[in-house]
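In what comes next, subunit A is part of two complexes: it sits with subunit B in the first one and with subunit C in the second one.
Coming up: the complex of A and B.
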């Protein structure tokens, strides 16, 4: 097992390095000038040149990458061009907010997805299956932006039960675990949960339906095992695949949703990315992309480690 | 009842009432303001994010030497004393301006404002070798004060600023230059990033709390030096909400009390729900800036005039749900710089077609032109629908317009390069659509009309060159009487209109939607707004 984990960790290093290259280079391929974040539109050429030099943007891209990587491995992602604030603290604050939102959305998505999927799988071909399938299709097809707006109109304006935007009455820095703050989480989390819910429903449904047709389930039933006991076996056999799918979905949620966070003005990574893109704030953009990609790498690593714990055959393979 | 008991019970009844009244009288009044920016603008002294940001973290926390009168909405504002009580040009050397500074003014950190603070702040943005030089603040203000050559202290409350050449319009540049506290910068370890969260100016508000990208709390500065401009609300909470629909939802939901730029689609619902909509003449214009270089289809004045007569501006205003006003020129007709143009902008298809026919074009044989436009962005209003409207209108008179659509940032590159620049000439781009701020004579008129500012030396994009205009502009620079200046500016403006230098479509009206809880908000005819006028 130790060798397996070590091997996975070693595999993660080149992936992480590739991520740094891609996240650094990609933003340079986009049109526009990062100095637009600070220089007015009619700034004279000498001001632009002075700024370019002050921010080290006059150096060749490989040199800039090398310097950035050296700082990044020490946890320093530089300073935002637009605000002058440390990118690391900006990203970490946003990551904290996104984790809160994504965690809650994942909880809704995974629980509802497993429930609907299992019900649909068990009642394959029935009206329950059709409803669950319809819900999952709607979940993966519905545009986030639209759903967020509709939920806001319904539950913030028509029936003002939940706030329309923000991360608490005093902002995310004053977050408290009470009902007042929790209300701010409901609409964005529900909006964000529909895609993982749809995908997990479909996955679980297909797996459960497949498992129920397998010989070992017939054998278990023939041996007189109760429905609950059979379900336990089915669940255990579907778990590795569901875990892998859920891991990926949670990874996507951690990445934040630019649209959902913008609609609800939720100060997470999606909102931060949106701002960084529009301001051409390259250090902030690179830092955010890097941290988000590293989330994926770490989550995949965790899933790779967890899977053989649930199904030892995978470790041997 | 026993009279004594009656008295006691009266007192017992009166006490809670008095207490509640007392509490109410002293309860903090709070206005929550949903702003259209994605982040709180820079708080260190010179706000970033354009002219519209000065109302939030500029003229709230800081003061300029010369201020802009932003607490009147019924007429255009004017230059008024700020931290300088008086300014005058040296009669012997008209490049020298002497400023008498206001005495007894203190920064929020209780340090004193004096001539040293002014020189220190000028060094902060203009002297790149100075310890306090801040590239970010410098980038914001340097293009706004292009005339400053040098400066020196004359006394504890007097400074002299020398301009590069005689420039009578120089005072208009100074509302952009704000004074922050040298003592606070020293106290915070000479670190501008720390100053950002604990800024200190002399303005009518102090910064109480800053949560980047989420909120900034401005609290009333009760010791503000200008007692006529004391804030009418104790606390203003600025909440960045970049998405227009989210801003409107936050207002409808009661999370904020004021929003900037409500989306046109939501206006009927806002009005029906009892929200107030305020708007005013705003120094902004949405034009097509023509190239008049040889080879451009716009070199013929008949074509330029025909284009101006082909647009039903009232219909454009309707397209914007009323959030615009029809343009009669570069500035609004109420401006002292408007003048008396003989060419009247209006909607007259017959006259437009006649002009086009005289120029040799018709709907059957249209003139072709390529215009560069942005897909959206600050100041661009509803860029794509409005451009499509103009495109269809021009087609009616025989002008076949095609668009090169780019991002706003890219559009700025094309703008700075001028029509003759390779990036425009190689693509045969002969007009540019960019919303212009027209807040002062330089921004509204000079930079577009003076032949010495022909791009790339400035943003006279299309190469406008009118010797009479050049002569008038030269005279303005050496005319220190405001009325004469206004008269000369009016002459230049009417020349712009008579020459149909641009196709002017509409002006922005800088709309705000207010909750019924907001009792007063004076919207100035400017991008600078005075948040001290908000009363809850």
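Coming up: the complex of A and C.
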């Protein structure tokens, strides 16, 4: 097991490296000059040149990348061009907020998805199945910024139960685990949870329906195991696949919330990314993309390690 | 015969899907204590359906079951909830055809046997595990202690089937259903498993229904053989007689289609045609389209299953009459 984890960790290194290359290069492929955001339009030539060398933008791109990577490894992602604050601390604060939002959305999505999926799988072909399938298709198809707006209209304007914007009193830096702050979390989290819920519902439904038709489930019943005990077996057999799908979805949640975070003005990475793009804040953009990509790498690594712990047939080789 | 352990009376099973398939049609038979019945027939003849119906394994929503099943006085078709769970595996248990598919792949063998024991008896985990290990030793699995912690995919086919038998016998059932337990195994392993089953049956005195399409295997373990065709029992005789004096043309055909050293150099005599569509059974005898002795009556009227002494037959033109040989 230890050797397996080590192997997975080593495999993750080249992936992580290519991620840094892509997140660095991609930004250069985008049009626009970062200096236009800080220097006045009529700035004299020598000021522009001075700024350019101050930010290291006069160096060849590979050199810039090398320097950037060296510092990034040490946790220093440079200074934001727009605000002059440290990118690392900006990103980390946003990451905290996004994790909170994504975690809560994932919780809703995974729990509801597993529940609906299992119900639909057990009652394959019944009206419960049809409702669950319809809901999951709708969930996956609806644009979630639109859903966010509709939920805002319904539950913070028409029935003002939940606030529509921000992360509560104290803004982005002072999250507290109390009801007051929690209310700010509800609408964006529900909005975000709809897509993973739909995908997980469909996955679990297909897996459970397939599992119930398998010989070993008949054999479990033939042994006199109760319905609950049989369900435990079915659950453990479906878990590795559900885990892989859920892991991927949670990964999307971590970075895919630009639109929802913007709709709800939630101070997370998506919001930050949006700001960075519009301000051409290259260090901030690179840093945010890098951190988000690393989430995917780490999450996939976790799933890879967890899966064979549940299903003994996987891994080991 | 004293009161039989198992009585099946007029059992019919229909599967409702796009079409209605009549998988079993008014099947009746009895099985005594300590008796081994071989159910013989080709694929789709209703052998496995019979076993699965005995354990009520068919999905309730798409299956219609009529008739009566009694095991030790219990009305099986009326069992519900906990009583049904206790009956399954406790009174009647089953060995499946593919041991590779009949174990849950993500739990160890030992854990699954232990779990089955604890589902039937209030017994602590340690004693249940000890008994599970004992069962593995009983079915002669070498290094049973090591296999106890093995996952199903880590065992060979023969080993898995032994473990399956251990699991089936763990709660001391009165009746064991063996659904082609040797079909998926190598020829040499088949014989070992057959011998093991016979030995365990003699030791425990349980009754066994042994389903197979292999006459050789049936003869090896059974006391009595019932031949099934298209969801019906067409003939029943003690094993030593059916081989020499088959009465139903289908049984005769099955026996003629087996290969032995004395048949070397001769073409294999197969039964012409194929089994009927269970969703569109002919009105008369189901075997009529393939039968060499067929008459107008066979196509029109279904022959009833007539019993005499320890045998039964459903045929208008038997190869040998019931009375003549009795």
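Going forward, the second predicted complex is superposed on the first by the 307 of 317 C-alpha atoms of A that agree within 3 Å, B and C clash if a C-alpha of one lies under 4 Å from a C-alpha of the other, contacts with A are read in each partner's own complex, and residues count from 1 in each chain.
Here is the rule we go by: a contact is a pair of C-beta atoms (placed from the backbone, for glycine too) under 8 Å apart; a residue touches a chain by one contact, two chains touch by 3 or more.
Just so it is clear, the structure is predicted and the values come from calculations on it, not from any experiment.
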Worksheet item: When the two structures are laid over each other on chain A, which of subunit B and subunit C touches more residues of subunit A?
Response: B
Discussion item. One more residue to check, A:164. First (subunit B), second (subunit C), both or neither?
Written reply: first
Worksheet item: Who does A:264 touch here: subunit B (first), subunit C (second), both, or neither?
Response: first
Practice prompt. Report for A:219: first if it touches subunit B alone, second if subunit C alone, otherwise both or neither.
Written response: second
Worksheet item: Is A:50 touching the first partner subunit B, the second partner subunit C, both, or neither of them?
Response: first
Worksheet item: Between subunit B (first) and subunit C (second), which, if any, makes contact with A:237: first, second, both or neither?
Response: second
Discussion item. I'd like to know which partner A:8 touches here: subunit B for first, subunit C for second, both or neither.
Written reply: neither
Worksheet item: Just which bits of subunit A does subunit B share with subunit C as contact spots?
Response: none
Discussion item. Help me check something: in the complex, which residues belonging to subunit A touch subunit C?
Written reply: 214-216, 218-226, 229, 233, 236-237, 310-313
Practice prompt. Quick one: which bits of subunit B touch subunit A in the complex? Just the residue numbers, please.
Written response: 38-39, 42, 48, 50, 128, 135-136, 138-140, 142-144, 146, 192-193, 196, 211-215, 239-243, 245-246, 249-250, 252-255, 407, 409-410, 412-413, 415-416, 447, 456, 459
Worksheet item: What residues of subunit A sit close enough to touch subunit B in their complex?
Response: 31-33, 35-45, 47, 50-51, 54-55, 79, 82-85, 90, 93, 149, 152-153, 156-157, 160, 163-167, 170-173, 262-265, 267, 271-272, 274-275, 278-280
Discussion item. Per the contact definition, I'd like the list of subunit C residues that touch subunit A in the complex.
Written reply: 52, 55, 57, 82, 85-90, 93-94, 96, 98, 101-107, 115-116, 119-120, 151, 153, 167, 171
